[in-house]
Amino acid sequence: MNEHLDRGPRSKDELAADVARDIPHGAFVNLGIGQPTTVADHLPVGSGVVLHTENGMLGMGPLAHGGPHDPIDPDLTNAGKVPVTALPGASYFHHADSFAMMRGGHLDVCVLGAFQVSATGDLANWHTGEPDAIPAVGGAMDLAIGAKQVFVMMTLFAKDGSAKLVPGCTYPLTGVGCVDRVYTDVATFEVGPQGARVLETFGTSYDDLLARLDVPLGR
Amino acid sequence: MRVCADTDEAVAGVEDGATVLVGGFGMAGMPVPLIDALIRHGATDLTVVSNNAGNGDTGLAALLAAGRVRTMICSFPRQSDSWVFDRLYREGRIELEVVPQGNLAERMRAAGAGIGAFFCPTGVGTPLAEGKEVREIDGRTYLLEYPIKGDLALIGAHRADRAGNLVYRRTARNFGPVMATAATTVVAQVSEVVETGEIDPEVVVTPGIYVDRVVRVTT
Amino acid sequence: MNEHLDRGPRSKDELAADVARDIPHGAFVNLGIGQPTTVADHLPVGSGVVLHTENGMLGMGPLAHGGPHDPIDPDLTNAGKVPVTALPGASYFHHADSFAMMRGGHLDVCVLGAFQVSATGDLANWHTGEPDAIPAVGGAMDLAIGAKQVFVMMTLFAKDGSAKLVPGCTYPLTGVGCVDRVYTDVATFEVGPQGARVLETFGTSYDDLLARLDVPLGR
Amino acid sequence: MRVCADTDEAVAGVEDGATVLVGGFGMAGMPVPLIDALIRHGATDLTVVSNNAGNGDTGLAALLAAGRVRTMICSFPRQSDSWVFDRLYREGRIELEVVPQGNLAERMRAAGAGIGAFFCPTGVGTPLAEGKEVREIDGRTYLLEYPIKGDLALIGAHRADRAGNLVYRRTARNFGPVMATAATTVVAQVSEVVETGEIDPEVVVTPGIYVDRVVRVTT
């Protein structure tokens, strides 16, 4: 375990860069809507990473900005319904094939945001549990259980100071035991059947984390 | 297979209480002119199956606003511009079944493929597993999911030939090919109708056997 | 019921022509290997009938004879592995899609040969039940249960004189209650939950059939 | 994805006892050069999944004749030129599981799509239903069918790009796209390898994510 005490927490950009660094060369990857999308900007040239978007495409390129080389095409969007581009070697397929690809374990990595993650890798990221909220799951549950490895990106603490790495999720679950790694501003964790383990800290110490979190922490 | 003169002819005959599958993911592949024709047609008490529950005030949102939909089956009703659905839902004037996006696709595929039910890993241990049959197979836990069949499917494709063979454009393909297999009557709006034989048999995505009516729309 | 007593039994050619006559205009049809294949030769020009072959094609044309317009292509065969041609409007698809099409009830008619058919429509056409026979089913069971209507073509009596329309099949079954019509040299029958009914006879009378068959016969 | 120098490199690493999915329907799509390489490789005690059980004395028949196959899973072993299989079977030197052709395809599709099992109407009431779980759903009877997963798939396609995207030719497509989703290591022989980007993303049949090795063969 590496304690980086000579610095502050990771910025969002640094977090995305660190996730990008841990994606293997040539991996097939789905980046969830929101913060995970920014990981794409940090993949090195020649990474060979191929992006999957669950609305039916492999080989997704950067966002389209309407220039001569990246025209906006309403028939070409990502899962967030934002216009994107296609890279050489791309392919299109329908929704049943796209989710078969995901559910069948063919994607190497999926990066998701989260409200909470448990020490054993349970994920809560689709519903805050408020009684009057309109439930909307989209592809969250499919993404959570499909990829060979699931990475979560989040802040370790909510705005009210409560920890988001928890002994058991109090928000409604998206998937059980599905998360492998949790990348946060102040630390990276491995989670799973053996519980949580700290891999690296940023601007905080292992002992600080032990004190602030309600879960046993390997190191 | 019939090439229809207009969208009103294309949706003729749909009955009150019908289940209507509506293609599209956001606006990509969304058959707005066919939905407009369905509104003019007047059928009511509908169950609509679509990924989202309408955007803004047009298309599916207009169908909802007209009070024609009893039940919405979708993966993601809650969007920044889903105010029509939100209001109806909060007023208790519409029922909602939330289905994970991949299950939505796979359940329609099952309907089209003559599969009676299937064991699916998505949603295990989540609130959406409530009431579903659970089974462990080969060390993994699955939920039993049943087909979703439509009386009518409205889909947006790119090009049709006079035999009803369809090709799509980019990620506008999404739910179209699956819905085309899952409904008794399948209506496709296209940008272009070509003579039979002008679509390469190797690149047909939806074979004509699945398509009952085609109508050309200008978009 | 029509008794044609002024003539002999139907020839194979006449039988194929009569089956072809009963296939609706524009139907999607699978013709089983062997005698059913000959039905194609009797479909009138402009019948609009589209032939499905379960190895992955709609719009199958006549056999290829190696001429300038029907070259022999080892990559284009029917289910009997015989080179065929493709008609305008054809499409190719993989085996899972092809059998989904069949199992999902999208084909209008399937024509099969049979060893035995029961009065309630059970079919035996894949295995003679001999203990040392190597079992081989191919697509027989899928074809038997998939199409909206299943027609059987066979002689009414085996070479040993035993009837092939029976109260219950003694050969191993291919499908239960799946046959709708049985076309034989001496008569055409409707079979199903209500039992067998004679539609037409050729060179024999209803009373003759009653005497020679071990099943009650409506008329 | 790796473009291999020859077929020996393409099949390297297969272990004794492996399950090998072999594409093709008759000779269309049959990857004979890859099977020849598998024979040279020497792996034995194999389970082979293929529609037929070898024709003549080459390809799959040669693999059988070399004594490398413990179990054959297929729909139609008995053909006019299947003497190699016939002899091994009658001598009790090979096990046979006969699977209806559509179930063979759908069970591999399930393996590739992460489906744990599915209820299928094919084979109900027949000898092939023995030992299978039966369930009535919505008035129809179904059998529970389980996935068939391969360690290795050998398929014949037409053209590949360097990203592993594949297109097929005519009915040689058959089992290839399904098998490509269902095996841990997927090897495709093709007639041509083109640069990434030279296959239109709209017409890709097997996306590169499913393909591990490609080798060009001259036929």
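In this document, chain identifiers A, B, C and D correspond to the written order of the chains, with residue numbering beginning at 1 in each.
In the analysis below, a residue touches a chain if its C-beta (ideal position, glycine included) is under 8 Å from a C-beta of that chain, and two chains touch if they have at least 3 such contacts.
No experiment lies behind these values; they were computed from the predicted model shown.
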Task: Shared interface partners, meaning chains that touch subunit B and subunit C - done: D
Task: Interchain contact steps from subunit A to subunit C (minimum; 1 if touching) - done: 2
Task: Between A-D and C-D, the pair joined by more C-beta contacts - done: C-D
- [ ] Please work out the Cα centroid separation of subunit A and subunit B, and write it as a whole number of Å.
- [x] 29
- [ ] Compute the distance, rounded to whole Å, between the mean C-alpha positions of subunit A and subunit D.
- [x] 35
TODO: Report the inter-chain centroid distance for subunit B and subunit D in whole angstrom, where each centroid is the mean of the CA atoms.
DONE: 33
TODO: Specify, in ascending order, the residues of subunit A that touch 2 or more different other chains.
DONE: 57, 86, 92-93, 100, 102-103, 146
Task: Numbers and ranges of subunit D residues touching at least 2 other chains - done: 106, 109, 113-115, 120-121, 168-170, 201-202
Open item on the list: According to the definition already given, which pairs of chains are in contact?
Closed with: A-B, A-D, B-C, B-D, C-D
Open item on the list: Which residues of subunit B touch subunit C once you look at their complex with the stated criterion?
Closed with: 1, 109, 111-115, 161-163, 165, 181, 196-197, 201-202, 204, 207-210
Open item on the list: So in the complex, the part of subunit A that touches subunit B is made up of which residues?
Closed with: 53-57, 73-77, 81, 86, 92-96, 98-100, 102-103, 122, 127, 132-142, 145-146, 172-176
Task: List of subunit C residues in touch with subunit B within their complex - done: 26, 28, 50, 52, 57-59, 86, 88-93, 100-107, 146
Task: Contact set on subunit B toward subunit A in their complex - done: 25-29, 75-79, 85-86, 89-90, 96, 98-106, 108-109, 120-128, 168-178, 205
Task: List of subunit B residues in touch with subunit D within their complex - done: 106, 110, 113-121, 135, 137-138, 140, 142, 146, 167-170, 201-203
